[in-house]
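Each of the next two complexes has subunit A plus one other chain: subunit B in the first, subunit C in the second.
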Partner chain A sequence: MSTATATLPRCPECDAHITFNRAPLRGQVTNCPGCAVELEVTDTEPLTFALAPKVEEDWGE
Partner chain B sequence: MRLALLHTRLRTEETLLLDALTSRGHNVEVIDLRAEVFDPASPERWLGFDLVLDRCVSLTASLTATRILESMGVRCVNRADAIEVCSDKMRTTLALIRDGIPTPAVRIGIGAQAGLAAVESLGYPAVLKPTIGSWGRLLARVNDRDAAEAIVEHRETLGSTTQHVIYAQEHINKPGRDLRVFIVGGEAIAAIERASDHWVTNTARGARASGLIITDETSRLSRAAVHAVGADIAAVDLLECPTRGLLVNEVNHSMEFRNSISTSGVDIPARIADHLASLTLPVARVSNPCMPVARVCNPCDLRQSESELAEARR
Partner chain C sequence: MSISASIVGGSGYTGGELLRLLLAHPNINIRSVSSRTLAGQPIHRAHPSLRGHSDLLFTVPEEIETSDALFLCAPHGTASKEIERWRALGTTIIDLSADFRLRSPDAYRAWYGQTHPAPALLSEAVYGLPEISRESLRNARLISGVGCNATAMILALAPLARNGLIQRVIADIKVGSSEAGREFSAASHHPERSRSLRTYSPAGHRHTAEVLQSLGDFPLDVTVTTVELVRGVLCTAHVIPTRPATEKELWRLYRDAYANEPFVRIVNEKTGINRLPDPRVLSGSNHADVGFAVDPRSGRIIALCAIDNLVKGAAGSAIQSMNIALGLPETAGLTFPGLHPV
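Our next item is the complex of A and B:
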């Protein structure tokens, strides 16, 4: 993203700037570069995050 | 091709698949099942898709959606039956044994008494696994009766009723690694090894992945395993037994591959995208030799095949 640093979204946990290699999608999961917490994109316009849901018993591959 | 990509969270794998599909000109609708309401009596929306690709990290979501969609006549990859078999270690074992595919010995007991007897009949060390679970969670290697009693009692007391089924597997003294082979449309397209100092060699538990050359044996065995469970796209985990050779440990229906692209040197999402597109070609859909036989048993597929045959003959 070419957005200036000042306008980059921030981690709701540690306030670090969050960046993406591609245009983010709603539901996409990423790790915060500051505190490594897992974040989920809850909206793209504007870009917002929430802590990603914790692993549940039936998750896997 | 118009494709629905089902998910409950978009991991790296799903974004890679999305990019691979859209870069090939396919029309992909990304559908978060957490926001979806199904009306089983109104299939119109779903029949507009050539294919539905299930990529849910939640097994419950995968099975619910694919069962509903297949009842509507929508083609899903993987099929609900295959997801059900792959996701349940006991059912995977049954399918492998049915097809004569080498796999570690297993004993199953229901409840504490039979569960402990199952472990004892197998001998020590043994590996206890929940029948449903992934990423190496809740695996336990028990070296003696004391340890087995503790695990069985914990399961009986703390677990849900499904945890009362004790699935005990022979412990294979593997050489510090297991092998994973990626099967797409009946073809072994890539392989990696997963090495660890720990007896659990899941990358989710810290194992290191590196590339592996596919041999005739790993290819044949992995393809047979995927055929046995009725899957179309899957990853097969193989164990190297010092006395019995390669054994099929698990088949994963919703494989993760982010760390296997650079290690194997294979563009796995691209191969999946190309395979999915090939499934929507009318002639390929009825004559693809890679299709598991079980697919033909699905009444939805039969309906599709008949219309496709008629279309292909025109």
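Our next item is the complex of A and C:
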């Protein structure tokens, strides 16, 4: 694993590397490329994420 | 590089898929295709979607031409009785029946209820699932096709088996009607088959043997149910693990296993309507979609795999194996992504 790859932030759910096309902003919501979970940027220095609040879907309830 | 290919028994569904894929393959020239019942008729008589794509006529098996790759689509128990005859006509033989899937003559007798007619060849045949036997397929001369249900189980479970996580598995398999082949029966009669959920194999399915041969011995129970699909297999394997595992750990295991596999995709999303594998979106595709979940209450791992039984579960894996054996690009002729909606 390269140093550049190793420093990328990872998804708290599936450990996939998270990348941005431009510098992320606090509060920005993005989808993990692996598990598609919605992640909210909670800080930018250093870059941290939390699971974004979501509306639960009714799947077979 | 141009490779010649012929198909013995090309009027069935698997033969049709071989023709569809090989006609679009950039390196393949189909030399002959046989069907005793349709000899002399164009291939679109059996496979109407191929109308206008080829001038090929079915011939009788006795007129199959010598080819670099010879695909055998005869019923189970047939190819092995005439294997030397076919080996004289093909540099590489790919037999899509179950005749050469098991390496052990004893296992063949146990699961298929008869003595194998060519037991000396069982150890030479390479199981044609590249995700399991890629290196052995290089330059292979006798390749076995795969069982469609076995393929789905193997790909769902391989990352867990390789990492010693399996204590016991109960695999629930849902399948489409094309698994039964082109021959019709009372069971496939539309008023009987339509909208039924028929558990036709509650225990003892033969494909169990392929899974255990490929992944090692562990308690494996398999139940197969036909559902309202034409194409498709969904394996839902309930795994009692040897130790607790987190979903994040499973992500790592499945990524390690499949990151470099051209046709295996991990489907495990937290949002949207396509969260876990669904065979519906794989129609015509050589992809296998795998997914997983962990029950936090019990620790049970749910491992899933969806495929098109006629492609990744038969003709597609056979062509992928041929590509490897003959030194062609592994994905040649197999990049169709599937249909949606369908």
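Here is the rule we use: the second predicted complex is superposed on the first by the 51 of 61 C-alpha atoms of A that agree within 3 Å, B and C clash if a C-alpha of one lies under 4 Å from a C-alpha of the other, contacts with A are read in each partner's own complex, and residues count from 1 in each chain.
Note that a contact is a pair of C-beta atoms (placed from the backbone, for glycine too) under 8 Å apart; a residue touches a chain by one contact, two chains touch by 3 or more.
The shown structure was predicted, so the numbers you read here are calculated from the model rather than taken from an experiment.
Engineer: Does subunit B (first) or subunit C (second) touch A:Gln28, or do both, or does neither?
Structural biologist: In the superposed model, A:Gln28 contacts subunit B only, not subunit C.
Engineer: Just checking: does A:Pro53 make contact with subunit B only, subunit C only, both, or neither of them? Give me first, second, both or neither.
Structural biologist: first
Engineer: For the overlaid complexes, name the partner, subunit B or subunit C, with more touching residues on subunit A.
Structural biologist: Greater contact footprint in residues on subunit A: B.
Engineer: In the superposed arrangement, does A:Glu40 touch subunit B (first), subunit C (second), both or neither?
Structural biologist: first
Engineer: Quick check on my understanding: which residues of subunit A belong to both its subunit B contact set and its subunit C contact set?
Structural biologist: None.
Engineer: Give every residue of subunit B touching subunit A within the complex, in rising order.
Structural biologist: 7, 9-11, 15, 18-19, 30, 32, 57-60, 87, 132-135, 137, 235, 252-256
Engineer: Considering only the defined contacts, which subunit A positions touch subunit B in the complex?
Structural biologist: Result: residues 22, 25-29, 40-41, 52-53, 55-61 of subunit A touch subunit B.
Engineer: What part of subunit A is in contact with subunit C in the complex they form?
Structural biologist: Residues 13-16, 31-32, 34-38, 54 of subunit A touch subunit C in their complex.
Engineer: Can you check the complex and tell me which residues of subunit C touch subunit A?
Structural biologist: These residues of subunit C touch subunit A: 247-248, 251-252, 266, 268-272.
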